[in-house]
């Protein structure tokens, strides 16, 4: 039995046990058993994925499991990477989830429906990359969509906004499914078979038009899952409203599958798409990166901020994938392999740090009941461990050394800079712009996470909820600790991933050699003069900090630090109300990007009754709406509503009319057949 | 002059030529805009002179001198006169209440966005002229996108600026761009054509100068938007 | 790499860091002195910043009430990041043990880490000043980033690498590259970015203490004693390193490309001269500049972004790759 096979079997068994436990056991036992089963499932998935990354391959055909088509599974290094990432995140988040759901009553997250959906969702996350035929893929994909929808709706009794988010999510995810179904059906029809092996063989014989259509349909479907602008509106709604362990999974393992889909179908099965298609992917990624991080900069809801940041990071991934496709379609596999490796590394890094960010945010939400950064503050003192975890993950997210996010963005920038060797007008124009986009999004990400950490966790509490926060239970810390270890390992010794990434890139059909050379301590690029030793940089930074601290110790006469009041301009101690909030922090950026964000401002002046000149009250309101959602979806929804209203006239209530529709329809069909159309 | 020095100097002149167009978008003070335009004229003359020296054509040197005289000397002088003639002398020269006449205060597209647009226009110029360059790649034709970019930036200035003088500069940028393209692509048009074009440009500026004076007399300002009143 | 090379390389790194640490306050003193002389004042002398640092270091350390670890570690991080950058950048020699890791993107990111640490410290105080400074600083830092990376891009095209040692030695061996439009534009863009990153006029006024105009000073308002000494030293080192980087990129002559101790000594002297010259020129220019309104700064940065983009395009449409 190969490792991937045993991992799949173990994971499926554990998921089944989890579902049973979720349905049958009493609350507390249910949470613990489901959590342990899910964690074990994640561990098995991770082990299988790592084995596949090590070079083990496995494929299976189980005709009995799925009627008509049978279930095809296959694991190569590319699926292994996504399985391993999903498994690792599932493992840590499941441990966290036990602590998260315990002690909050049998409703909401702890309810039977939610707890029995959780293992199935986790299982689909791990197994979607292993699917090896269109029908198996779609089945697992839809399973993932439905279970995640149940999980998003977990807290619908507690907040009315959850239901709206659920509707958006359900609609958007099924629009995506329709696109995917159409694209894959077209592909299967063109290739003359539905297993991935047949698709791979048949792709070359398809006409360019059909290939282009498949490319665009499939890319759009997967892009909507990855939260790409303009198909993103479900993301900033569903992620904040879902329970935090679910958002952690959705925002990492699930959106990753969007990227996986594009790499698998468009890159590998189609055998590289058209150049314009990859330009489109790259442009979508660039747009999402900047738009996502800009919205995150404006958001004051912590989880909404993180959700938009997911949109940004997946945008960066798609920039890498698009660049890889562009280079490959011009016939340059070496820079293409580098760009794809950068994208895959960013997938890994983002999954780990974003899961940790969502877990830490969940810990805050659980302790304070607040998602609004404006009302938090001072949590560092009340919840030191959570604040520490949030700080670690923020460092990873801001793309600054020694965080792990920096490494993948560095690699991405290197691949774009060295992509200049690829001739052609499109690369010459697109690459500098892509570099600028990555730089801008990295700069804005720094502002975003300084805001989240500095306003949310530092300074003093700005509301009663934040002032009385309690630290979360130890199991949650354990889960977050696992993720923090992952972040640290990825930040310090990314070189160990070099071989795995090379195998995954080769499995995607790119044989550009090993993009990453070098051992564990160094990240050195193959055939390109660039290297980075994260461990040494971190050590040098630490040495610098120690040296500076020692300098202070030696020169200061009085050793102890004394406390003193803050500078208050002589006006008495400053109150927490005077400190900067997330909204005020974002104000300069909002003014700079005024034309892009188009904020709505409303000043309402109420004069006193006797005189119009004396003001009694001024109410000032400013909303920064999601402009794309506003401009794009509102008209579509309004049009759909209008069509629906108009269609009402078709159904006046007359039974004769309804029967008539059927009759005339039949006659029309027969007529058409008779005419021979 | 060796080939590499020639290439280097030509590149520098073209770089300065493009940079001047960008700086015109960047600045608000109309008098500074005119000065930068004069510098661009110098760069254009330098391009022509370099081409003339390299190809050993004295005619081109004469054209360069003419171009320099007209675009770095006469036209800026005329525009500055239009600018100062419009602002009546005040009793306290240091104290100006209304600076809007000498400044492009609120262009239709704000300055940051204009600069970013200029960046995109340059890339567009590069993309469009690439096939042309590949026909016959020499140092001069490689700089062809510069001319085209200046044409586009000039057009952009013409579209987005409110003050009549800024628009004149936009028009002249456009013309400079066309001239530069002609030099770079075909080592210049025949002398007589160049003279004719220059004469046309001179006339156009004179007409515009009269127009600005008349506008100021009619509306008290040179905001182009005021012309809309004539329609009704 | 043989023994003597490693020894000279290590000496070069140590000398660079030592020179930056020791010279940074002197540079600040020089710049103030130049400014004072041009404004008709006598000026306090070049070593006044060192006297200030000594005075501050001798005072007791103060912890404002309500601040935490972020506030206390930020000055240390600021100095540490700048020192690491000083070690990485080929200021005096391109043959050092760390020259393989001297990546330009890493250098930019390390400086960014210092900025972020200080911004977090500003927020940690919980005062309006701290928040305001942090917010403005991060806004400017976010907008500078595209300019810097595009300039990096432009500079790395002729060399085919973002490794600083490669870029600098490429510049030494092929000086035409430096005077090409691409090189000049990239240097100009980088110069604007340096002004913004170090908080000099016209982006920020380092001498102001008026709340409406402060950016950097507002952020560090709560620091006192040895912490303030470190913050001051860190900012001065940052300016020195960035001016040194600018000098290395635009005028790399004299930087040691071999492991000879004599070349290294000469390079160090030349480095001091170049940075002093740049600093004096900057100080002289600042006398004539006014601080831009905060919301005009994006225009300046958009302009420098454009210069950087033109540098990238120029580097392939003029040199015809």
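Details
To keep things simple, chains are lettered A, B and C as they appear, and every chain counts its residues starting from 1.
Following the convention adopted for this analysis, contacts are C-beta pairs under 8 Å (C-beta built on N, C-alpha and C of every residue); 3 or more make two chains touch, one makes a residue touch a chain.
Given the structure is predicted, the values throughout are model-derived calculations rather than measurements.
Judged by the touch criterion defined above, the protein chains are all mutually in contact, each touching every other.
Of the two chain pairs considered here, B-C and A-C, the higher C-beta contact count falls to A-C.
Chain centres here are Cα means. That of chain A falls 49 Å from that of chain B.
In whole angstrom, the spacing between the mean C-alpha positions of chain A and chain C is 36.
Shared interface positions of chain B, defined as residues touching 2 or more other chains, are 110, 113, 123, 126. Shown for chain A are the residues in touch with two or more other chains, namely 428, 432. Annotation for chain C: residues touching 2 or more other chains are 298, 305, 309, 313. Chain C makes touch with chain A in their complex at residues 57-66, 68, 70, 73, 75-77, 79-81, 83-84, 87, 98, 100-101, 103, 105-106, 109-110, 112-113, 115-116, 119-120, 122-132, 134-136, 138-139, 141-146, 148-150, 153, 156-157, 160-163, 166, 221-222, 224-227, 230, 294-295, 298, 305, 309, 312-313, 316. Here chain A touches chain B in the complex through residues 425, 428-429, 432-433, 595, going by the rule given at the top.
Taken together, the chain B residues at the contact with chain C in this complex read 4, 8, 11-12, 14-16, 18-19, 22, 26, 110-113, 115-116, 118-119, 122-123, 126, 133, 137, 139, 142-143, 145-146. Of all the residues in chain C, the ones that touch chain B in their complex are 176, 179-181, 184-185, 298-299, 301-303, 305-307, 309-310, 313-314, 317-320.
Contact residues on chain A toward chain C in their complex (touch as defined above): 377-378, 380-381, 398-401, 406, 410, 413-414, 417-418, 420-421, 428, 432, 435-440, 442-444, 446-447, 450-451, 453-455, 458-460, 528-533, 536-537, 540-545, 547-549, 552, 555-558, 560-567, 574, 576, 578-580, 584-589, 591-592.
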